[in-house]
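Dropping the structures in below, format is structure tokens.
Look at the two complexes coming up: subunit A is in both, with subunit B in one and subunit C in the other.
And then the complex of A and B:
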């Protein structure tokens, strides 16, 4: 009896939660409704929709040998426990994307983003990941590029590869700017993020030479050191000479990130990339679990309205109307084509049974989508005035605090310069105005949620912990993206001159890495040297220019004048 | 009472094994077991060489999204 009532009960509860979110106007609603709606939708979709696709569309066959079983060689191909594969798959697909995207999309109000995350995830992203995982499993765990070449011919294959490289360049550039904006004129953040590099290198050395392959031990040590770095950043912030040294403007930091990206692309992986990947995975899981517990326990009220007036494209954070920009801003978390690259090639080599495809492909993405819902909650529990003050660039709202506060209040989101000053003091920053990019406002949201559990005294620590955590994430993606781009470029150039295709040939490594960085430069210049942006307009990257007195939106075509 | 303790002990051991496997901590032990069962008598890599090879392989291709 109870069993029969379970799924109808979940359906009714989910419908109730969704309609509460969708229909509430004027009164404040509780964040718990978001979590309930999301969990009910994911479990219903997993139980019925995913099961239907698996059985009827893909006709998954549990008795069929997987590539991991047929080609088992003990290292690449290896049948693995499904929870282990799930963990690897989730760690590979979920980076900073589902955290940053929803935060930015909150400028439209909580409703469009939340609906898109849940509906897009359940009907789009999860299905995509599962189907690609299935296709690759049935084709000897081939990668998406190989499958495209086999099915579509060489031109289709080349087009898929070019598309991937383009996406990656945009991704790298946007993410790089997020880190820069979080660190500019913030000695604490700059010192902490800076300290993560020597820590990662030390752990890299530790796991390679001191205690080879002791992953758990090394990661635990690294996480402790990272937490110390957060506290140490506070000490540096307090000392006058040191804090002056770490107080840098945006352009300098952007150059540093570019120089760092180049170094990271040619350094051996064991030194920086691999250890930081371990550390970021541990931090990620810990922080996500902590955030979920805190939201369920505290049940904070949502302060953002369901819809803002900015759905018409006049928003301060990024220009562009609701359609298509809610879909562009939230990619990872709802549907991301990039997951197709992970679901093909990497994950199927570990799959022990086709039956696990539903749990790993569909379930892994559903979990990432849930992370995106939590990021949306963290952005929407902030006072809307605070949210817009942090995320609006100075070019839109003005450089002076009073001027910016007046401008934001004129939009109907009342905020005072004194309130922002007090908040900045609590977070250990000199100012929180115009800290664009999404990372700082997520950090303020997370800090205020955690602060309510652990006390307000630790707000500054939580804020900088969140900044460090996002930076570690983003830099790992940045490195991995640059490196993958390098391999792809070498692969393509290798068709022209085979010597360039050798991934171990140093001149080729330097040349192709430098080329990747050169592309990154365009974006930095577009951001900081406005006169360049007319020469290199690129679609989709539409941050408001900081100098722009007008409210012009940078679109994918040339602007007159 | 002893049954409960034994049950907790079993659960602890299995969760610990799972954690080691997820993180890749026991990769070398599993490699040795695989070599012993499938390629007996052949030379095996030492711990350091094994992990170097593992890292290089992992970061050759596309291994993570945003």
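And then the complex of A and C:
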């Protein structure tokens, strides 16, 4: 009886929550509705829509051997525990996109962004990830461009191969920049991210050689070590001598990230990439679940209006009207092509059984979409004045605090310079005006939610924890991206000389990884050599323009997620 | 834009495997993405607003530079920024053209298939029964 009522109940609750979000025009709406609507929509879609696609459209066949089994070579192709594959896939697709996109799009108000994340995710993004994962699994885990070549023909194939590979290079460069910037002069982030590498290699060895098959045991061990790394990072941050050691400038970090990306691309997947991504997922989802619990516990009111006046394109954070720029800004979280590259890159080479395609493809994306809703909530529980003060660039609102506060107040979002000063002091920052890019305002939002649960005294700690959390999010996207880039280049060169297309032939692996690195991360290195910027301005400009709309158009999204 | 490429490939594969009636699951999001990507690219290329249009921003900056309105530190980087705006415009155009080439090629293949004419054979690997025994210890 209870079982029969479960799904209709979920459907009614979800519809109620969604209509409350869409129709409420009162003073304020409670953040609890957002969590409810998201959870109900995703679970319904997963239970019915995804199951229907898996059974009727794709006709998943659990008795069919996957590429991981048929081509198993212990290096790239390897049947892996489904939870580890899920962790890897989620970590690789969830970059900064689902965190930053919704934060920036909140300038239009909470409504357009939230609806697009939920509807776009359920009908678009999740379906895309799942179908591409299926297609690639049935085609020896070939990359997207190669599938276009084999199925459509030489013209569409050439266009797809060129398009995907160009975008991948730009993405790796942009991600490298973002992650270097996130770790620059942040001992906590650098130490924690650094510690995840040896932990991951240890867990990889543990699950493969020391106690093979004991996934639960290895996971528990890994999570404990990871939590120690997070706490240890905080401790290092507070210590005088050690924090100096981890306080690195951009150029050093760029080299380290390049070295790491190279290692993640060529080492056996079970040793570094898969376990590191898997462990990062615990940290990511742990924090998001904690945030969701805090929202359920506190039931904070959403302070942002449903729609702001900026839907006409005059918004301070990025120019452009509601249509089409809200859909461009929130790409990851709703639908992102980067996921298709992962779904046709590393994931199908690890998948042990076709029946897990629904969980990994559809479920992984649904969770990421949930992360995006949480980011939207974190942006919208801030006072709108605070939100605009943090995110508006100085070029729009003015350099002086008083001037900026007056300008923002004139839009109808009252804010005073003193209030911002006090907030900055609580967060342990010198100022919070014009801290564009989305990450700082997300951190302030998360810190204020956690701060209300655990006490205001810890605000600065939560703020820096949130910043560190974002750095972890990005690096896992970067490493998987580099490896997928290698596969793509190998597929492409395989059309010319088949030997190079053999995924695990060592000379080809080293050559294509090095080439990939040189192209992609070279841009990052360059960013820190000012005299080069003028000659090669491509990566530089991406860094110079916090304007979300401008770059996202080109690649569909600037921050893959 | 990358998502649109992925959905085109997926739609093509679905149609080719005889799932024309269910191909809307990817064709629907694909049409929406084509609409937003193309209109956003159109705006970025043609808008007169310097905060939206790449060319508008480049021209605005070069006029200011020529008129000597910029302070010295901004004037020094202005040529780079102007070049970047034009480069971004070129890239936008390049990617949108690529996207439409793929979409049209996909539609061509679907048309050939549905009218019973020959298309490339499916690249799907043959069915081999799985012999994999899940060897994880349930602890």
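Rule of thumb we're sticking to: the second predicted complex is superposed on the first by the 338 of 561 C-alpha atoms of A that agree within 3 Å, B and C clash if a C-alpha of one lies under 4 Å from a C-alpha of the other, contacts with A are read in each partner's own complex, and residues count from 1 in each chain.
Simple rule for what comes next: a residue touches a chain if its C-beta (ideal position, glycine included) is under 8 Å from a C-beta of that chain, and two chains touch if they have at least 3 such contacts.
Every value quoted in this text rests on a predicted model; they were computed, and no experiment measured them.
Once the two complexes are laid over each other on the shared chain, residue contacts for A:128 go to subunit C alone; subunit B is not touched. Contacts of A:480 after superposition on the shared chain: subunit B is touched, whereas subunit C is not.
In the superposition on chain A, contact of A:190 is made with neither subunit B nor subunit C.
Partner contacting the larger number of subunit A residues, of subunit B and subunit C: C.
Look at A:269: by the touch rule set out above, it reaches subunit B but stays clear of subunit C. In the superposition on chain A, contact is made by A:87 with subunit B only, not with subunit C. In the superposed pair of complexes, A:69 makes contact with subunit C only, with no contact to subunit B. Contact with neither subunit B nor subunit C is seen for A:369 once the two complexes are overlaid on the shared chain. When both complexes are overlaid on chain A, the residue A:96 reaches subunit B alone and has no touch with subunit C.
When the two complexes are laid over each other on chain A, subunit A has residues 81, 212-217, 331, 336, 338-339, 341 in contact with both subunit B and subunit C.
Contact residues of subunit B toward subunit A in the complex are 18-25, 27-28, 31, 34-35, 38, 47-48, 50-66. Within the complex formed with subunit A, the subunit C residues making contact are 1-10, 12-14, 16, 19, 22, 25-26, 28-29, 32-33, 35-37, 39-41, 43-44, 49, 51-52, 54, 80-81, 83-85, 87-88, 91-92, 95, 98-99, 101-102, 105-106, 109, 120, 122-125, 127-132, 134-137, 139.
Residue ranges of subunit A in contact with subunit C, taken from their complex: 53, 56-57, 61-67, 69-70, 79, 81, 120, 123-125, 127-128, 131-132, 135, 138-140, 142, 144, 147-148, 150-153, 155-156, 159-160, 162-164, 166-167, 212-217, 313, 318-320, 323-325, 327-328, 331, 335-341, 352-353, 533-534, 537-538, 540-541, 544, 547, 549-551, 553-557. Put simply, subunit A touches subunit B in their complex at residues 74-76, 78, 80-81, 83-84, 87-88, 91-97, 143, 171, 175, 207-209, 212-217, 219, 269-270, 273-274, 277-278, 331-332, 336, 338-339, 341-342, 345-346, 476-477, 480, 483-484, 487, 503.
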